[in-house]
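One chain, subunit A, appears in both complexes that follow, with subunit B as partner in the first and subunit C in the second.
Entry: the complex of A and B
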C-alpha cells in the first residue's frame, strides 16, 4: 500500500521523470501459469472439498450431528475453506503473507492484455470493469429467478413449483438482488470514476479495492450455493425462528451475507479514504462532484452499518454450527435480536442503494440541460442528512413485531423526517430541470425515469412509515411494489443512466442510440406495467412469498407476469446493444460525446494507467454550463503546483 | 528498493510536486484509514454489546444466565492482561520511537507479538474450559460470540504489530544510514504513520477489551 509513498523524492530539478515502458514478466507466476480466475476456481473447489472433509472429521461424532443426518459444521467449513481457497487462488493473500516477512510481492505487475480482467488487478479502472461484469452476473441471475416467480404466479391453482421450491426461489432472488444492488453503482462506477472525478491517479488502497471485488464475486458463489443445499425458506430477510429451523442452505445465506459484507466494508473504506485524501489540489469540498458526494455518503454507510450485518451473520452461523442460541428464544436468545441487527444494517442499506443513484442523476442532468446543478450544496447536504438519519429508522421494520408499541411514534417520526433530505435531493433535480432545454439522450431519459419512479416509490414510502398504513399493508404486495419502485425504479435505472453515459469513456466505444432507446422505453413502460398493478394487488390483500392467491386476483397477476416477461426482454435488448456496440460493430466514441465539463472527460481515451499526465489543479466545480465567463475547470499543466495559473485550460465549452 | 516499486515509479511521469502530493495523500490515507477502521470496529463491537444487553434485558424463559454461570475468570484475566500489555508496549514503543529509540520500539513490538500470540492461544483454549454448553443460555451464546470476535481481533492486532516490525527491518536495509526509520525518506514517513495508526487501534482495542471483560467476567 505504499507504492507511491516509497518512491524516492530526492529530486532537485522540477522536470518530470519520463515514463519507462514495463514489459510483461516472463517465467512462473506470469501469463496463464500465474494466478487468475481459473486458479481461483480450482483452489476454491479444493478448499471446499478439504473443508467438508475437515468438518466431517471433526464433528461427525457430535451427538447433535450424528443423529441429524446433516453436518452443519462440515457445510460451514466447506464454504469457509472455499473462500480461503479462492483468495489463495486469485492471489489476494500474496501480499498479506509477504508482508509478514517484510517483503514486497513480486507478482503484482501490470498486465496489459485481456487477461488482466481475470486477475487480482490493482488498477481501479480494471476493477471497475470487473465489477460491471460481476453486477450484471448478479442482475441477470436474479432476473431469471424473478421470471420463475412471475411464472408461478400466472395461476393460483396450477403450479409450476411446489410451495417449498417457490419460497426458495423467492428467497434466492431477493438475496441475490439485494447484494447486487448494494454494489451496482459503488462497485463499477464508483471504483472507476471517483479517482478520475477527483483528479487522483490512483486509489488510496488498491489492494483493498481488488480484494473487495473478488470478495463480492465469491460471496455470490456462496449465496448461490444455497440452491443445491435445498435453498432457504426465509426470504432475503432471514428471520428467525424460520432461520433456526432451516436446512443447510441457511448457512450459505448467513455466511454469504457475512462474506459480501466484508466486500462491502472494504469497498466503502477504500472509497471514503480516497475521496478524503486524494482530491486534487484545489478540489475543495464545495467543488467535489455530486456523484462523489453520493459515493462518499454511501461509503460512510457501508463502512459503519455493514459490520453489524457481519456480526449478525456470524451469530447465525454460530447458532447453526456451534449450537449457540442467539436467535433461539427457548434457550435464552431472541428471534427479535436478529431483526434488530439485520435491520440496523438493512435500513441504511436502502440508502446505500439510493444515494449512488441520486449521485448519478445529479451528475448527468446538468450535462443534458446545459444548466448548473441547482442548489449544489443542498444536494450534498441532503445526501449527508439521509446517511445520518438512516441509522435512526430501523425499528420501523419491527412495527409489527418486537417493538414496544410506545416506541412506534418515535420511529414513525424519524422515518418521516428522512423524507426531508430526500426531498431536498429530489428538488435539486427539479430545480435543474426547470426551464431547461433538455437534450433527450438515452442517459437523460433514464434519469427522467428515475425521478418518475422514485417519486412513486418515495411517496408510498412515506405512507408506509405511518403505523396504521404499515400495519394494514405489512407483508403484502404493496410493500413489495414500493421497494421495487425505489430500488429498481431508482437505482437500476440510474445505473443504466450511468452506464450509457460513461461507457464511451470506459471502453472508448459508443452505445447504439437506437437500441438504447428501445431498451429505455421497453424497460420504463414494462417496469411500470409490472410493478404498478402490485400496489392494487397488495391493497386487495395478496401476501408476499406465498405461491397461491385469491382467484379474483389472477387477471392482475397475469398482467403483471406478462409485463415482467417483456421487462426481462428489455434487458436482453441491453445485452444485445452491449454486444453489438462493444464487440460486433464497435464505433469509436468522440473524446467527449456529451460535452460534459466533468473532470473524468478531460483525460485521454483510453485512459492512461495513471489517469492524468499531470495531477490537475482544480479551479472550480464542474457545473458551470452555459455561464459566460465561467472559470476554467482545472489546470492540467501544473503537476500539483497550486500556485500556477494557466491560460489554456481545456474542458469548458459553455454552449 | 524492491523490483515492483522500481517498476511502478518508472511507469509514471512525476514532478517533485506530484511526488510530494502523493506522499501527503498516502500519509493522510494511513492516518484517516486507521481512524475509520476504529469506527468500523466500534460498530462491530457495538453489535455484540447490543446483543448482550438485549438478551440480558429480555431474559427469555429466565435463561439469560441461570445460576450466574461465568466463563473461566482466570482465562479472562490472563487474556485481558496480555491485551493491555501489548497496548502498553505499543504506546511505550511509539514514545521511544519518537525519540529515536528504534531498538526499544522493536523490543516493545516483539513483546506485543508474543503477548498477542499467547492471548490468542488462551482465547482458543478457553473454549475447552467453559463450564456451559454454548446454547444453554443467552449469556453462554453471547460469550461464544465474544470469544470468536476476540480471536479475530487478536489475530488482526498481532498481525499488524508483526508486519510493522518486519517492515522496520526491511526499511532499515532499504534506506541505510544512521537512523533510517526516523528519516524523511517516504518509506520511513509511511512507516511512522502506520505505527501511529496501529498504536491508536491498540488503544481502542484495550478500551473495548476493558468493557467486554467487565461485561463477560465481572458483571
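Entry: the complex of A and C
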C-alpha cells in the first residue's frame, strides 16, 4: 500500500495531537481555505499598522533621538504587534487561547496537499521541509549581501555604496547569517530526523515545533524591517553606546534577536525533551546515533544560552522606549553590561553553530567507509564537553576591552581547553577513515571538506585565544576569516553533506550526482580561495567592517572578492541541482540509497505520517558496518502497535 | 586475511604515515622559523611587538605539525583506502575497528598536554610582558616599574620626563568619532593630532573615548586597547627602534570606522624632547581652553558631537559650553 495525498489521515490514539480526516482535493490552488501563510502575512501587516498607531497614540511626539522625527515606541509596538498578528494569522494561537478560556479546542484540520507546507503543520517531517526553505531563504539573502560587501572592497577609494549603506549591508549580512546558522541544521535536519532516529512517532511538542518555525520565519521580516529605517550601524554585535546612538533600525535588530531567540529556545527544549523522553525501547544512551548527540548538546545550549540574548535585546528596547539606562554610561548604565551579556550568549552560540555539524559528519562517515564509528563514546563525550566549556569562555572576546586583566589567564586557559573535546571529533573521524573502503559520494566529500576547513578554523582559534597574539589579530580580518572557516567551512558544508545525504529520504527523489560534484568542488575551492587570503589581509593590518582600506592590500582583497563571486556561482549550481532533481526531472529514490544502517532509513519512502507502524525495539547501535552478519538493528514488529500502517521496508533490515 | 598479516599491515601504514609526518613537520617548521618567522607582523619596533611576534611563531611551530598531520592522514586515506569497485564494498575490520584504547588514550594525553603547555606559555608571556600591549583596564596589574607612579604624577600635574632618565612616559589617547588625538600630561597636557614617541622608552598608553567604543590599534607597536567612554584603559610597551607606525580603529564605531586612522613616529629621545617642548609652547593658548587633564572626560549633556544623549536639559551643541568662551584654534 502506498501513501497518496488523497488518503485521509487517521486518528492516532496514542497522540494528544488528534488530526481529523479532511478530504481535500490535490493541487496548489485548492488549499487556500483556513489559515495559512497568506492570512499570516495579512494579519501581520494589520498588526504592524495597529501597533504603529497605538505607539503614536500612547506616546505621541516621543522621540529618543532629538529631532529625528522617529517615535521609538511606535516603531517597537509596530513590530511587536506584527509578530502577534503573524501568530494569529497562521493559527498558532488557536489552541492555547481556546485552552486558556476553558474551551475544548477544535481538532486541527490536517491538510494533505501541497498546501500543508504553507500552514501551521504539526508533522515534524513537514516542519523539517519548511525549515529547509526557511534557512535557504536566510542563507541566500545573507549571501547576496556578502557579494555586495566584496564588491565594495574591490577598491579602497572608488566606492560602489556610500559609507552608510555599506555599514547597513555589513550589519544585515552578519545578523542574518548568524540567525540562519543557529537553525540551519537543528531546524531542517534536527526536526526531521531526530524522531526517526530515536524511533519516535513525533516530537514531544508538535505545536511548539511548528511555533518555533513560524517564529524563525517572522524573525526574517523583523530584521529586514531595519532597512527602510536606515538599517543599524553596529554590525551583528550591536555594541552600546553605538547602539544607543543608532536610529530606529536598531529596534529591529534588538527585537529581531529577541524574536529569533524565542524560536531558538522553543526549538531547543522541544528537541531536548524529545530525545530524553521519546526514545524507543532499547534505545539506550550508548545506542543513540551520534547526530542525535550533536542535536542534544546543541539543544542544551539553545535552551540555556538564548534567554540571555532575549533579555539583553529587550533591555536595549527598554532603553530606547522607556528611557531606562541599562547600557547608557552617563546615566549609570554600562556598555560593558551589553558586551558581557551579548557574549555570554554569543560564545555558546558559536558552538550552536558547530556541534550539529560534528553530529552530521559522525553520522555520515561510517556509511561511506563501511566501518563503525570509531570511539563512539568519545564522540559523545566530546560534544558534551564542548557544550559545557562553551559557557566559560565568553570573555576571550573582550581581552583588550578594558575588563579586569586578572581574568585573562583563566579565559585563555578555558578557551584553549575547548580544543581538547573538539580534538575528540577529529580522533573519531580519522579513526573511522583508518583502513576503510571509502566511497566518495557527494555527502562524503562534503564531510571530508568539513574536516579540512574546520581544522584551519580550529587551529587559528588557538592563535586568537593566546592573549599576546590576540593583540595583533583581534578585530581584524584574521578573526573574520577564522569564524568563516568554522561556521561556513564547518557548519554550512556539513549542512550540505546532510542535505545531499538525507534529501532522498525527505523528498523521495535523488539529487543529481554530476551537478552535486560540480557544486562540491566549486564550493570547496572557491571557499578556500575567498577566505584563506583574509588571514593575510588581517595580519597585514586590515580591521573588520571597514569601508576603505590601505592601498597596498588591494590585490589581496580583489583576489578574495573575485573568488567570492565564484563561490556565489557554486550556490547557483546547488539551486540548479535542487530544481532539476526535485522538480524538473525527478528520479525516484530507493528507500535506502546509501545502504545505511540508520533507523531513519529503515522506513518506507515517502515516510508514513506516523513514521513507524509499531514502535521499533532497538537491539544495537546503528554502526555495525564492519561485521558480516551483524545483529539486527531493531525489531520492527515487537513494539507497541497503533492503528496506523507504516510500510516499514521488509527485508531491508541489516541482518 | 589472518590476524597476523593484518597487524603487520597496520604497523606498515602507521609507520609510513608517521615517517612522512615527521619529515613534513620538521621541514615545514624549519622553513617557517628561518624564512617566514622574522617577517611576521607586527615586526620588532617595540618590546611587545617582538614578544608577540615570537609568540605567534612559537604557536605556528606547534600548529603546523597538527595541520599537516591531519591533512597528510586524510590524503593518505583518500589515496590508499578508497573503494575501488562500484557498489557497496564488503565489510572491513570486524567489530574491533570500533575501538582502539591505545590510540584514544594517546590522542587525549597528547592534546591535553599540548593545550596546557600553550596556556601556561601564554600566561607567562602576558605577565612577563606587562599585558603584552593589550588594554588592561583602569587598574593594570602587570605594570613596568615606575608606570603607576608616572600615571599618578601625570594626573597630579607633577609628571616630568627628560631624555636618558629611563622614566615612563604617560600618553593619553582620546578616541572620538572618527579620529584619534593624543595628550601629553608631562608637557602641560597639550593635545596633538599625531603620536610622536621617544625611542628606548617605556610608554604608558591611557586610552579613553568621548562617545562610542573605539579600539586604539597601533599596529607596529603591537598595542591594542579598546577606548571606552568614561573609562581609562591602560596598555604598556617599550619602544626599541625609530620609524613610523600606523594607528587604526579596530572596533566598529559607526559609518566612518574604516577612515579612522592616522600615523605616528618613534624618534630619538632628544628629537622627541625638542618636538614636545616646542609644541607645548606653540599650543599653550589652545591647551588653556581644553578641559583640565583627566583620565576620562564626561561629554556635556548633548554628547561630544551634539545631540545623542537625551537629558532633562537639552540644548543645542555649543562649543562655548564645552571649551569656555575662548574657542580653540583649529
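Simple rule for what comes next: the second predicted complex is superposed on the first by the 595 of 655 C-alpha atoms of A that agree within 3 Å, B and C clash if a C-alpha of one lies under 4 Å from a C-alpha of the other, contacts with A are read in each partner's own complex, and residues count from 1 in each chain.
Criterion: contacts are C-beta pairs under 8 Å (C-beta built on N, C-alpha and C of every residue); 3 or more make two chains touch, one makes a residue touch a chain.
What you see is a predicted model, and the numbers here were worked out from it, not measured in a lab.
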item: Which of subunit B and subunit C A:469 touches, first, second, both or neither; value: second
item: Partner chain(s) touched by A:230 [first = subunit B, second = subunit C, both, neither]; value: neither
item: First (subunit B), second (subunit C), both or neither touched by A:593; value: neither
item: First, second, both or neither for A:323, with subunit B first and subunit C second; value: both
item: Which of subunit B and subunit C A:508 touches, first, second, both or neither; value: neither
item: Touching partner for A:540 - first (subunit B), second (subunit C), both, neither; value: second
item: Subunit B versus subunit C as contact partner of A:115, first or second or both or neither; value: neither
item: Which of subunit B and subunit C A:247 touches, first, second, both or neither; value: neither
item: Contact residues of subunit A, present in both the subunit B and the subunit C interface; value: 323, 328-331, 336
item: Footprint of subunit A on subunit B - complex, ascending; value: 1-5, 7-23, 25-30, 32-33, 36-37, 39-41, 43-44, 46-48, 50-51, 54-55, 58-61, 63-65, 133-142, 144-145, 148-149, 159, 162-163, 166-167, 169-170, 185-187, 189-190
item: Touching residues (chain side subunit A, partner subunit C) in the complex; value: 64-67, 163-164, 166-167, 233-235, 237, 239-242, 244-245, 323, 328-331, 335-336, 369-376, 378, 399-406, 408-409, 412-413, 416-417, 419-420, 423-424, 426-427, 430-431, 433-440, 448, 451-452, 455-456, 459, 462-463, 465-472, 474-476, 539-541, 543-549, 595, 623-628
item: Interface residues, subunit C side, partner subunit A - complex; value: 9-10, 13, 40-42, 48, 51-52, 55-56, 59, 63, 66-67, 70-71, 73-74, 77-78, 81-83, 88-95, 97-100, 103-104, 107-108, 111-112, 115, 118-119, 122-123, 125-127, 129, 131-142, 207, 211-213, 215, 217, 219, 222-226, 228-231, 233, 246, 248-259, 298-299, 307-310, 314
item: Subunit B partner contacts - residues on subunit A that touch it in the complex; value: 1-9, 11-20, 22, 96, 99-106, 108-110, 200-201, 204-205, 265, 269, 272-274, 276-278, 281, 303-305, 307-308, 310-312, 314-315, 318-319, 322-326, 328-334, 336-337, 340-341, 344, 609-610, 613-615, 638-641
